[in-house]
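Going by the order they are written in, the chains are A, B, C, D, E, F, G and H; count residues from 1 in each one.
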């Protein structure tokens, strides 16, 4: 079971809702993924097209926990405002703190992320900050009281996978709250590697929504995260430089 | 009455006296919509009692796909 | 469907039967893995302990295809003899050609492997040679008529995973018969990577039998191989150096 | 009669006249066992008719766990 | 030329002075390395052994720029005090800000590092902070006015080399001050990789002092850093998936 | 000293002579590289342009050992003919056996390479076969009597560097003749890694001739190969998961 | 007179009246040594004029090998 | 006389009687050039004495840049 704050989840896959080819594919991908947590962004409405469809309306909201992000925020102040707007919907009290410091790499700003997380914790939110894989920054976020830490594997949407397994494993070792690897995952094996490192979950979006077949990739990610978790629990064999026979080594007699 | 909605100046009929009226006017009452009124974020419950005045700044936001 | 010679398989996991802690764990691991092909070795009996249990007796042999290996052979001649002994059991006509050239690395000898494969194909066996990831050697084995090519990912039992994904992908690209990655897999993600490269299957043993919890690892490998295959079919997103937003990039208005 | 079984010289009673007898003698008839007789690999069917002589070389092999 | 603040250097190797087998080996290693910047730590004297030799006395201090570090500091306040003590020697006005947040990984604390750097810049020091490879943290340190940024390649003394070339290259791309890769280098090739990424210099210590032959390794590092820099300037060939002939491809006539 | 057959060399860099922008750049690159062995190909002359310049004429041939390759050969027979033609020039008795089995990857054919090497050894050539990193194939080439083994690092001209350091190190461990890493090197660090693995030399061409500044890259490669060799001889520090302080760990007293 | 030097209480002869005297006393005058006196870091120049009193806290630090 | 040189049929004047003459004819005598004559590779020394006949196959090869 994955426990974040007061919530419990069977699934360890957190799925983003951005950039799917269409709502039907998205709906099927979400179902197939068996994700229980869905991320969203908060934006101004286009009030002149009220009939304009919205993915949320396609969902049975009761079946999912909504995790709004603060994407678009460049400062703690903006992030806090977005989080409060999301909460005012009455649909959620969790938030993914996302304060971007660079538009090219979309990497998070450590200082504003700390500030926003602190403020939102005071306000009673369940706070999941998206952060770099800086080990001490993760420690400070946990010390503030964050309910989970979400270090990036590589830049958002880059599909580069786990660039720095060492830092992720240090963060996981030190953490007393769930560590959810967020951003950069491209393939099922990337997600499996994150879980084998001991991560408590994986948050991904583009890897599924941008795949040639998002529904199939959603299924693949679900299985890979289960596989990686089981592999972590099962305890891998040690790596050895040389070989170890799996078959009995004494040769056959040469008559 | 003129309001600033999502950054644009907009003339609304005088029948629009409250935030609830405003949502009805734009046929948004069935939608998931969050209202910020003069930089105050409103709980759903207070839409009814929040009276609009000329020049009020209103932000209407919602959830969109995101990662 | 995985097709090897005249056989068809739903599962893409081939499981070795060596070095399990005990028969009960092994039996459960085999079942959980849902493998349809099991590898075995051929050895002299200990005729003075006929009561000595044998794993084969624990299995419903009808449910599995047996893939005896020629482990122990250092020459084509020895390999051919072992293969013929196995076939004389009347239980199988498939063989994993394994001619080891170095006892430290347990890497295969290319020349003896070619010779043994050629001979066994003449004898009507369904031949699956264990080979290095030498691309042209794989081509020659296919040209001989081998029914599948089984390049190693890294030394047997080393758990080093996919050391050379480039050569494996070249072998997969050129092959018109199934390519089964054999040896070296340590983790579920290793198996998933092999499948994402386009491999048709994965053969592993120590990664499961040597895990702290072989049954759990067997389940993990089953899922990882399915995940990797689905990921391959789903079509991954391209890798990018920089980020690509999954959330709409236009920021929130700062009132 | 003396046979060389799996490399070891072994005395077997004269009742052991065929390969089938030999397997019975070692209580292996229910087991998966493959017989190589004087460097000839025997099909199951020929165990019965294969008569053993003094000094014959017999290999009795089976399947064991392997990868 | 490497320019840091008002200083100019021909050498791009910054050498630490810790943990050499003895002063003679160290002296020779320092000379062979051709380093112009040497790092030191500041510690209490053992006043009861004034005769106790000190490496500094073995050096012609005029030939080198001393770069004291603030190792031992866990807070900005401690770091500032150590820096001021060092400066009071009248031998240097440069400082390597090093505020460690975790004794196991010896990784730096981002918040205290920012605070100490800001304070020391106010005090007129030439400030070179040792930092993680957090891209936005590096940006903030530069914005404060730091004279160089020193991101770690991997944990101090770990010899793991360049764990995250992506972040280092992002830091190098964005920087308008020198970027010196500090900590974790194990081999000459590690140092060369850092330089090929575009780093302005490399700071290392254990890789040389802990080598079986420190003098030989000092020479190797000197050459590797020059090689890496030249390689960066020369402009490498692009990586290609497939081959490109270096010999004319038209075959010989087969008579 | 690098000893190949009866030859001795101070330089461990073998340089190819293909595809330079022009002869002047090439001449300078060759000089700067300090290479003593230069590779060439053998091709039909264009007899109608006798005045057509040829790089060989620009060189003081006495200063270099020529290493003709058999590029263009697809069979042992073709390779042997090319080698004999080269030898008939009276300029050399060394040959780089290169029998390509695939025009896309330019990877060598193991069987034809073995055959050609055996034949040319009989003919008294000093034989350096270009081979894959198949460990047992390298062993067989050495057992034939080859004077050096030249495993590829990655496909010719691909610049992918050392794809499989494990196999290269196995080949180096087992070899009693020089191992020269040939093909695929892209950067100085690639060359350094090969040398740190214990290789006796590196053969490269495109990495220099295809660089933006071939002369500068030639210098870089020369230095990198020296650095890598020194690093190998100096004995690197062990890799550790966690940090090891280079500065004394006892903190400063906080007064 | 008793001083606290590098954390340890130490009795020094009355001839030690200034920081300079102290360094001479410990034969450190030729060494690279930095003095912190009652939490004030002293420039070299002020060693002479800085008079020591009973109970003063003195830190004597120097450069050691580090990375 | 007609020769096949590097795969092409070529008419050469009758003054070209030996391989040496041929190289002179093409102004190649100063060059590094290797001659294969009717599938026999010639040592430099034998260019002089090797007489050419009508229809002979001659390959003229040299060293070019390669890796």
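List of remarks:
Here, a contact is a pair of C-beta atoms (placed from the backbone, for glycine too) under 8 Å apart; a residue touches a chain by one contact, two chains touch by 3 or more.
A quick note: this is a predicted structure, and the numbers were derived from the prediction, not measured.
Hopping across touching chains, the smallest step count from chain B to chain E is 2.
Chain A and chain G, compared by their mean Cα positions, are separated by 57 Å. Computed centre separation for the pair chain F/chain G is 63 angstrom, with centres defined by C-alpha atoms. Averaged C-alpha coordinates give centres for chain E and chain F that are 32 Å from one another. Centres computed as Cα averages put chain B at a distance of 94 Å from chain H. The set of chain C residues that touch two or more partner chains comprises 16, 18-19, 41-44, 69, 71, 81, 105, 107, 155-157, 160, 166, 205-206, 241, 245-248, 252-253, 255.
Counting partner chains per residue, chain H shows two or more touched chains at residues 6-7, 36, 59, 61, 64-67.
Pairs of chains in mutual contact: A-B, A-C, A-D, A-E, B-C, C-D, C-F, E-F, E-G, E-H, F-G, F-H.
Across the complex, chain H is touched by residues 245-248, 252-253, 255 of chain E.
Residues of chain B touching chain A in their complex: 5-7, 26-28, 31-36, 41-44, 59-67. Of all residues in chain E, only 16, 18-19, 41-44, 69, 71-74, 78, 81-82, 98, 103-107, 155-160, 186-189, 192-193, 196, 205-207, 209-214, 216-217, 219-224, 226-228, 230-231, 233-254 touch chain F in the complex they form.
Per the touch definition, chain D reaches chain A in the complex via residues 6-7, 36, 39, 57, 59, 61, 64-67. Within the complex, the chain F residues that touch chain C are 101-102, 105, 107-111, 114, 132, 134-137, 139-140, 154-155, 160, 163-164, 166-167, 170, 174.
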